[in-house]
Structures are given as C-alpha cells and as structure tokens.
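Scrolling down, you'll hit the structures one after another.
In the two complexes that follow, chain A is the common piece, with chain B as its partner first and chain C second.
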Partner chain A sequence: MPRRLGEYRPDATRSENALNVARMFDIYLLEAAINGILLGGVLALLALGLNLVFGVIDVVWICYAELIMMGMYGMFYLVSVYHFPFVAAALISIGLVAILGILLHLIVIAPLLNAAPINQLLATGGVLAFLQALATVVFGIDFRNLGIRMPVIEIADMFISYARLLAFGTALAGMVAVYLFLTKTYTGTAIRAIAQDRQIMPLMGVDSRRIYLVTSAIGGGLAGLASCLLVLQYDVHPFIGLTFGPITFMICVLGGLGNMIGGFVAAFLFAEIISVGGLYLDLEWGYVFAFVFFIVVMFFRPRGLLARNS
Partner chain B sequence: MGVASPYHARRALPRVARPRIVAAKAATQGEMGMRMLMRRGLASLVLACGLIAALAAPAVAQEKKIKIGVVYDLTGPFAGGGSDLHYLGAKIMIDYINRTGGVEGYKIEPIYVDAQSKPDVAINEAVRLIEQEKVDMLLGFFSSAECVPAAARIEQFKKFMWITTCIAAPVLEGRNMKYVFRPQPFGRQWGVSSTAMVAHYSKAQLGKDPKDVRIAIVHEDGAYGTDVAKGTAEGAKTVSLEVVLHEGYSATAPDLSSMITKLKRARPDVLFHTGYNPDITLMLRQAREGGLRFSTLIGHGAGYGVYSKLKETLGADASHIFNVDPISIWQANAKALRPELIPLIKTIGEDYLKAKPETTIKSAHVGMAASNTYLFLSDVLPRAIKKYGGIDSEALRKAALDVDIPEGGTMLGFGVKFLGEGSTMAGQNDRAAPVVVQYIDDKAWVVWPPSQQEREPVLKLPASSPYAAK
Partner chain C sequence: MNKALPWIVGAAMIALPFVYSAPYPMHLMIVVLIWSFAYTSWSVMGRFGLVSLGHGGFMGVGAYGTALLWNHLGLTPWIGIPISMVMAVALALVVAYPCSRFRITGHYFALVTLALSAIVLQVATASRDLTGGSLGYTPERVQGGGNILAFQFESKISWYFVALGFWALGLLIRWWVDRSMIAYALEAIAEDEDAAGAAGVNVTAEKLKITALSAAMTAAAGGVYCQYQMFISPDTVSGISVSLQMVFAAVVGGIYVLPGPTVGAIITILLAEGLRIFFGTGALGYDNLVYGTLLVVFIIFLPQGLVGAAWNKLTGARQTA
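This part shows the complex of A and B:
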C-alpha cells in the first residue's frame, strides 16, 4: 500500500517521518480547503430554502431535494430539448418550482398545519416518494445532462470549478437577498413576525395564509435556483434527491432548524470537514468525521449551533 | 387461465345424452319430432365440441410452464447505469425462445420484478417470488451489492439461481453454493486483465518499464468496486506496476473533489476506475474541472459500458477511454463462434434497436444478458428436462454442472464449465474472461487479449483531451 501523508512509520528514520508530516501542508491542502468552501456554497444554497420554510411555517419539507430534482428536469428540457437560452430557462424553472412550492403548501401542508409534526413529516415524505415515482414514469430512468462544459479557473497550479464558484456566489447573493427581503420589506417583516408567533400575529391583522403562500413560493423559488446551478454539475435522474436530501437536512439541523445564518455556517463547516478530512484519509472518512461532528454538536447543543431562542 | 381442461370436456358428453332419453318418453309425436331435431343438433354440436376438446387435449397438456423470476433494477441509479439494458437483453431472449416454441414443451413464464437499486428490495422480491409467486428459479441480478445477500437467501430456499450479470467474487467465493451459477467472469478478472494490457504496452507506448508506471486505483466501495479493485491491485503486483493511490468512495457521494486533489498529488500515469453511473460522470467532470491529468483511463464495466451516456456527458473527451467487460456479442469474432449463433446475434441486435431506436453503439450489456440467458434456455434447461426429468432445482443444478462448452460456443466467445462443489468458487464459470475495449472515434475496438484483438490499444490520450498529461 502507498504511504499516506503524515503517516508515521516506525521503520522509517526520524527525518523521513518529519518530512512526511511536513508534506501534508502543500498547495493541495489549500486547494482542498477552497474546494470545501465551494462545496459549502452549494450546501448552503440547498439549506437556505428549507430553513426559510421551516422557520416560518414550522414544517420540514422532507421532499425539498425532490423539488430541486423537478427543477433540474425543467432546466434539462428547456435548454436541451426546447433550446431556450440558459438564463431564460433558469427564470422559468425557478418560477415553475415556486409554483410547485405553492401547490405543495395548498394541497399537502395547509390541511396539516395543526396536525402532529410526525404527520406533517410523513406527508412530505409521501410527496418525496410520489415525486420520485412520477419522475421515473414521466422522464424515465436515464441520466440526463445539459452537456454544457463550464470553464475552469486556474490560479497558481490550483484549479477552481466555475460551476462551483457560481453556486457559491449565488448562495451568498441569495442569502443577502433573502435577508434584505425579510428586513426591508413589509411582507418580509410580516413573515418574520409570523415566524416569531404564529398564534398572535393573525389576531393583529396579518393574513397568515397569504404569508405561508409567499414563504412557500420563496422556498420553492430557492429550490429552483439551486436546481439551475446543480444541473451544471450533476446529471439529473429521478433519484438525484437522495444524494442531497439527507445531507441538506443534517446541515439545517446542525445550524439550528429554521436559522438561516446557522444553516449557512453549518454548511461550510460540514463541507470543510468532508473536503479536508477526505484529503488525508479515505474520502469516506471525511464523511465519517462530519457525521461525528454532527453527533457531538447534537450532544452539546441539541437545538443546533445557532439555535433560535424560541 | 380460462383454458378448458380435457377432463371436463369428456364429462360433458353423457350429461347431455341422458336428458334426451327421459324427455322422449313424455313428449307428443309432433313436438317430439321438433325437439328430437333440435336436441340432435345440440347433441351433435356438443359432441363436436367434445371431439375438438379431446383432440386439443394433448396440445393443452403439452403447454407446461417454467416460471422464472427475473430480477433487475428498473428504477433507481443502477437502472440507468446498465441494469435496464441487461433487463432488455434477458427479455429479448425469453421472448425469442417463447416465439420459437419454448423449451422441450415448456413455455417460459417470466415474472419481471424491479429491485429498485436497493439490496433489501432485491432480497424481499426474491423471497416473494419464491414464496408467493412459486417461481421455479430466479435469473438476472445486476448489482453485486444485491447479488451477494440475495444469493445466500435464495440458496437457503434451495432454489436455482442463474446470474446473468453481477460479477463480485464474494457472491460465490468460499460459500460452497449448490444452486447458484454464474456464467459471467468474476470481478477480479477485470483488474487482472487491464493491468496485464498496460504492462504489455507500457514500454512501447508510455516509454516506461512497468515498474516505473504509476497507477491509481479508485472504485465505488460496494462489493463490485471493491472486488474489481482487489483484482487490479493483484494484477498490478503481478506485473510490477507501482500503485500510488488506492481509494474507495460511496457511489452516492455528492462530491469527489477531495479524491481528485489526492489523485493530482499522486500523479498517476494510468487511472483504473470502477464505478456505476452518475458517480463515473461526476468523477470525470470534477477531474476535468480539478485539472487532473493522466495518460490512460481504464474503466471497469457498468457505466463505462454505456458509451452513449459517456459521450452525452463528456462529448469528444469520451474518446480513447478503455472499458473492460465481456465482449460485445456484436464484436465477437464471427468465424470463431458456432455458426448457429450468428443469425441469433443479428436477431438480438434488431430487437434491441426496435426497443431503443436512439442507440448509436450497441451496448455490450444487452448482449451479455441475452447470451447468458440463452445459455440457460438452450443448454441447461433442455438437459434438465430430458436427462434429469424436470425443472426442479436439483435437476437444473445437475444439468448446469454437466455443461461443457468449448471456446466459441457462446455468443460472448468464451466457453462454459462450472466449478463444482469443493471448489472455493463453486458455481463460477471457469472458462469466462472479459476483454478490454477502447472507444475511438465513436467505435468500440477490442484491444486485449491479443487473441481477440481488433487493433492495438492507444495508451496515451490525445493531446486535445483535457485529461491528457502534458
């Protein structure tokens, strides 16, 4: 077996072992750290919409990644089959997934708003299975991709994925936009107010049904936005949601369910552990460390890193 | 089934005849004449029907059936990774056999089930097929992750299992299976074959002795990838290639960029990769974006066997990639095959294109399942019926152990002789072997072993490839 970086071998000389440790801190470590930040951007973007919806409506969309999958199919058909320009296709896909978010709320969530959380979870879990099956029947099992090859940025022997950079930038911009919307607009203020107290605000004249619909549309829209960026990096197939769904949910819980800043921080922490951990040990160990970190945090801060007070 | 049994048809005759005698005594002459005529007509009709039924009886009795549970992944990630093509190959062959009269008076009744790319579903479906559908045997299985536990469960039921696809050695190795048979080569042969080819051409094409060739082995960490990677490491050791990285990853991992960085640090000349699909395209996409360079990329089956998907994702960069698999039946040396197989290969190709008209290069996957299914239906099953008197697991097992087909006797080119009890790989076809193909200019060329070579391999990627080592 080839010798791992940093590995101590009793049969090697002291200087050989020291050199092997020193070799750990090379340009590739920096590249792995940058890759971790970029992966964090992707995960943060995924967590943003899920956190917003939970923060306001108090329901976890377990099927969130499947909404993204539908958006990716929308992008595929609009760009590859109907030859729409990418930006136009992205706007349409965001709109379509926003409508899906509204429909999800009206058909599934609204009748269960006062039901036990487990019932709400099961219902959105049912939607997950439904969307997977629907995609299999309608789109087939083939892996689809846009066939778009994004440029690569090369800086000092380091390569940075343009698609990842785009996702990272969009996640930051999305975060700022959602923050500004929630703090600077009347509807945003109403959303925050509802998030703080669902019982009292309707008595003070806030139309909670409208607020829920707006929140669902924004949540869906953010899923649509994520789908436009993920389709540049991943093949789309009916089960692509399984790749992102569990990890997105974990990040939301790690950051504090409903806390968008917490989700943002958790996404980067998680991604860095996976990326740098995977560099020095087997890739799978990176995930093991990330999950151990999650468990430890849950022991000491069961409500998440930046949990809400209420 | 709605088919009248000959027993009931014969019983119908006296029941109609008896009332005719009783009625004749009670009726007047005129009425009797009319009734007599009507009844005679009716009786004649019933008699005729009875005769027809009696004549048809031997034919009906001949329509015996063998129920086969056919298990592939029709949904989930493995489906697009090649399993749906194996399903198609098996179905084409079963339909063909039924169309041409069945096997020794037996009609094949397939029950197709979807394992959903999940080992637990594969096991549950196999058990359901045995216990509820009462199948006589099981056939298929794409993923080794499903195959390993499913084979053990099916063996517990003492049901016959004919594996058309999955290749991991642990399915059979050291388990002394009695009723599980695999005509396919097994996983480690993939790696042994590809490393032998690299060592053979390294000096001439890479300008390096094998001991100076740096290779990296990356694989999905399921039973399939692990076994093939083990074979690659063994093969590398045998031919003295230097392994600079050996790493597994989960086929569902959302990100492989750390592994790409590690590969860059290891600077391999040759990359040996075993994966399903979307992980293959994810790795190659991230490799391009991450600036990974190498001279040679050798894929080991599954997603690498579906060229159309590679081409769709990678475009021109799919050129010069190698794949190891049993030979495509459409590329097997026709002169070396049994003559009666040639028109059959053509028929399978036509049915394949009918089912998937968008196909550019016919995938080896379809032919693999078709050939292995045909081997069972044309050789094992008839022998079980004729020589061992039936289709029970014991008869099928004995018939399988009797198979002795020399090279050129199957559509895949290799011969068939199963290892029996006492062998560590009992149930494995000892004469099976994969070949190495290389995709060049949208055509798959057999480049290894020399006995089946269509052209020499080109180990160095063209300079135009974004992966090409500078």
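This part shows the complex of A and C:
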C-alpha cells in the first residue's frame, strides 16, 4: 500500500515513521532548493540592470524596484484592463520602463553627475518616494493581479510553479542577450570601455552622454523585463518595491557594485538562503538570514564576493 | 542678538502651553518635537558624510525594545529606554566597526546600513508571536491614565514638556559635538581618510564614537515616540521608509546647521497634516509626492537645505557643502 510522504501511521514501527518523515523533509528541501534556483534567475536579472547602470554611470538607482513596480502596473493595465495579448503588453511595458529610465537619467541624474555620490543616491531616494506616492495616488493601494492562473508542474512529489520556470528561462535569455549586446556590438563595447575608464573614453571619440542614455534605457528595459516576469507571481501594489529593492541592492553590493558576474553568483546564493531558510521558519526569517549573511560577508569581502583582496 | 536668540526661543517655547494649549496644535507640536529629535540624531553623523540608511533600524530597536520590556518584564521605560539605547548602540557598533575598519564608505556604507534597517523591519514582522507582526504593537496602559513611573502621561501639556526636553537635549548634544575636537577630526576624515589618518586621527575610533552617539539618540527617539503614540508597527518605526524620511527632512531643512533638521520636521509634518486636512483621506500619498519632489529639487539646487541657504545669505559666507 503506497504511503503518502510524511504520513504518520500508528501501525508502523517508530523508525519507519521517522524515516518517512525524514524523506519528506528531504523532498521539501530539494523543492526549496529548486525554487531557490528559479528565484535566483529573476534576482540575477534584477541585479543585472542595477549593476549595468552603476558600472557605467557610477550611480545607484535606489528607486530601481519602483521602476519595476511601474512596469508591473503597466502590465496590469495593458493585460487586465485593455486586454492586450501578454507578449504585446510585455513589449510595451519594457519600452515604457526604458523610457522611464531615460527620463530618470535626464531629469535627476544628469544635473548631479558631478555632485557627491551620496547626493545622487539620495536624489534617487526622492524618486523612490515620488514613484511610490504617484502609484498610491493614481492606482490606489489595492492589491492587483493579472488573474492569470499558471499551471503547477508536479515532478516526483515536488511542486514547481510554471510561472517561476518561465521567469527563470526568460531571465536567463535576457541576460544572454545583454551579454551579447555588450560584447558583440560597437555600442556595447563603448559601454564596457566607459565602465573601465570614464575620463579617457570621451577623448577617444565616444559620446559619453549618448552612452549614458543608452545604458539608462537598457537598465530601465531590464527592469521592465523583470516586471513582466514578476507580475505573473506577485500582486502589484504601490509598496511592492520595498519587497524587491533592498534584496537587489544587497545582491549588487555582495557581488561587488558594477561587477555583473559577481551579481549573478550573489543572486543565486541569496535566493537559496531565502528559499531554504524560509523552509524551516517563516519566509521573513529567510530574508533575515540573507541580510545577516550579507552583512557578515561585507566584513570579509567589503568590495564584493569576487573582488580581489588588495 | 545671535547669542540671545536661543534663550528667547527657549523661553517662548516653555511659556507657550501656559498661553495656548488647544489639544490638536499641542499634538502637532509634540510630534514635530519628537521627530525633530530623531532627525537631529541622524544629522549628528549625517553631516560628516556618514550617510546612514540604518537609522530606521535604531528607531525600531528603541521603540520595540521599550514596549517589549514594559509588557513582558514590567520594566519601566525609564530603564527600558536606556536598555534599548544600549541595544541600538551594540547593533550600530557591530555594523560600524567593520565598515570603518574595511573602508566601507559612501554608497557602500549607505547600502550596508540599509540592510540593517531591513533586518530590523523583517525581524519585527517575522516574530509576530512577540511583536504582533505587521498589525502593530501596543504597550499596556496603566490604570488611571497618567503615571510618571510608567512614562505615560495623560495631559498633552506634560507630553509637550517631555518632548521639548528631549528635543532640547538633542540640540544641545549636536551643538556640543559641533564644537568639540570630534567635529574637526570627522571633518578631516570626510575630506580625506588617508590624510586624516596620517595626521594622527584615529579614524575608526572617531567614526565609532559618533555612530554610537547617533544610534543611541535615535533609539531614545523611538522609545519616546512609542510611549507617546502608544502604538507602533514595523512600517512606522523601522525600515527603509523611515530611514529615508529622516534623510528627507534633514536634507530639506539643512544638515549643516543646528536648526536644520527641526525646520525639516516642521515643514514635512505640517505639509502632511495640511494635505490631510485639505484633501481628507483622499490625500493618501500626496505628501510623499511632494516630499519626493522636494528632495530631488533640494539636492539638485539647494544641497545645503533651506536654513543652510538662508544662513549663507544672511552671513554672506560661502559655506562648503
């Protein structure tokens, strides 16, 4: 007679029951680990956009998660209210958030390019409050979702959500696309060159203003892509940015601000800690573990996981 | 005139409740004073380029520490607040020591301290059996309304004097810091850490001193806020929003001048209340819309803040930001 995993049977011996409980534990652990990897893909995508902007423009967009929130609202209105097909809505949302990225650069960052770094950070903090409040005023504080139910795939007693798989796959594809853009095109090469030496590149004939705008657009576009994936899994509300924002910054700092590969590695580490830590206690404790891990790592590797010790 | 001004303002503020004590304006004054104290506490270190986004965390430790010690151990806030301050200082040192030791400054410092306030927010939310989670937490009231021992007062006038006392103490501490040797050392560090170190400044020790002081003051503000409101929730006393709120107000008022954070508190709180009264509950979010815009505008055009700019105009001095 087949037994459900973790089921307690009074007629079985104690060790049999214990063994069955242990097996259940492992399968939950495996499921959490797999969900962690899937979450890691999305977090890596989030970190990529922020890292790109930091690496090139040397500015931290504290309001990055709020751009994602705007993208999620874009998706909600396009799909649920105006009944666009999902893919078309996604493309429009990505475009809209890319435009937001450009506006952010033109209005807030450009006048502050030569100001103290901390002033730039605080100014984008102001944008964070502004976007949150704007969403509250315009969209209201209700939780909204697309109402799309994605199937859940069951593999060997584990439940993996299709939305997460899709998000993981798209995030990877997006990252590969950005990688190819940065390495194979002239503009991409110029972007990488600016990231390496801000002073010299203008002398070599690179228009740094144009590069900054392109970078801001790509950074915004990546936030837009992330919003299309996140809207499948989470409800949208004006304060959703506070859920993703702090994690994204910590991943970027953990990987070394501007270090895209470091950010990639850190995203998966973080996601595993949140997912597996959240298995044993509440999900919030998963976050607490991840944040504590972050602070502890900063003490040993203040310039990021992959930084060379100098 | 300049010397007499603080005394005149002080005397006027002490005399005020005897002349005019309508409950609502009194309430506004108390809230402004408590938050001014918190913003001044932030500016104690913020003005030396140590921009911390972890102060929401210290405020949370102060508020939750005081309330939990009172409800569970029956410890009066007169002892609970100092204990919470010590906890906040311990937390601050655990983070600040490695930060200054390993040269985590600027962006990195802001982001590491951001993690700190995120941790406090998550812990307060996650330990919901103890703290009530995101629903908030209430310290138990004593019978009969007011009780000095329990740090609970019935009349707004008593609260006004308590808040006034903390605020004045905050200003006094900052005034004292600005005139002490620490200020010179920290200004040198803010300009150039290596040069300051070479000139014999103990960089780590000076940074830790000011961080501990600032964290302790912020925790005290959290405790007082908790006692006055008799209700705290993770979002109102901890987390990134509270940290940013402190930075906004201090920057708008001006972090380099003593009354700056207070003016910032007056502007931000009156603005929020004004919008709330004018638009009713439909104004949800209007205040942050204005704050956010103000913060961006101030940082671009007036980084020394309102009071700072006015001061420079008056004295004709060009103060370096």
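Operating definition for what follows: the second predicted complex is superposed on the first by the 274 of 310 C-alpha atoms of A that agree within 3 Å, B and C clash if a C-alpha of one lies under 4 Å from a C-alpha of the other, contacts with A are read in each partner's own complex, and residues count from 1 in each chain.
Operating definition for what follows: a contact is a pair of C-beta atoms (placed from the backbone, for glycine too) under 8 Å apart; a residue touches a chain by one contact, two chains touch by 3 or more.
No experiment lies behind these values; they were computed from the predicted model shown.
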item: Side-by-side fit of chain B and chain C on chain A, or clash; value: clash
item: Partner chain(s) touched by A:I141 [first = chain B, second = chain C, both, neither]; value: both
item: First (chain B), second (chain C), both or neither touched by A:Y179; value: neither
item: Partner chain(s) touched by A:L257 [first = chain B, second = chain C, both, neither]; value: second
item: Partner chain(s) touched by A:I295 [first = chain B, second = chain C, both, neither]; value: second
item: Which of chain B and chain C A:E284 touches, first, second, both or neither; value: both
item: Partner chain(s) touched by A:H237 [first = chain B, second = chain C, both, neither]; value: first
item: Partner chain(s) touched by A:E154 [first = chain B, second = chain C, both, neither]; value: first
item: Colliding region between chain B and chain C, picked from 22-30, 94-102, 112-120 or 256-264 after the shared-chain fit; value: 22-30
item: Contacts on chain A seen with chain B and repeated with chain C across the two complexes; value: 136, 141, 238, 242, 282, 284, 287
item: Of chain C, residues touching chain A in the complex; value: 49, 51, 95, 98-99, 102-104, 106-108, 110-112, 114-116, 118-119, 122-123, 125-126, 239-241, 244, 247-248, 251, 284-289, 291-296, 299-300, 303, 321
item: Complex contact set, residues of chain B against chain A; value: 74-77, 79-80, 84, 117, 221, 243-250, 252-259, 261-262, 264-266, 277-278, 281-282, 285-286, 288-291, 309, 312-313, 315
item: Residues of chain A that touch chain B when the two form their complex; value: 1-2, 5, 26, 28, 31-32, 35, 39, 136, 141-143, 145, 147, 149-150, 152, 154, 158-164, 233-235, 237-240, 242-244, 247, 271, 274-279, 282-284, 286-287
item: Chain A residues touching chain C - in the complex, by the definition given at the top; value: 60, 107-108, 111-112, 115-119, 121-123, 125-137, 141, 238, 242, 245-246, 249-250, 253, 257, 281-282, 284-285, 287-288, 291-292, 294-295, 298-299, 302
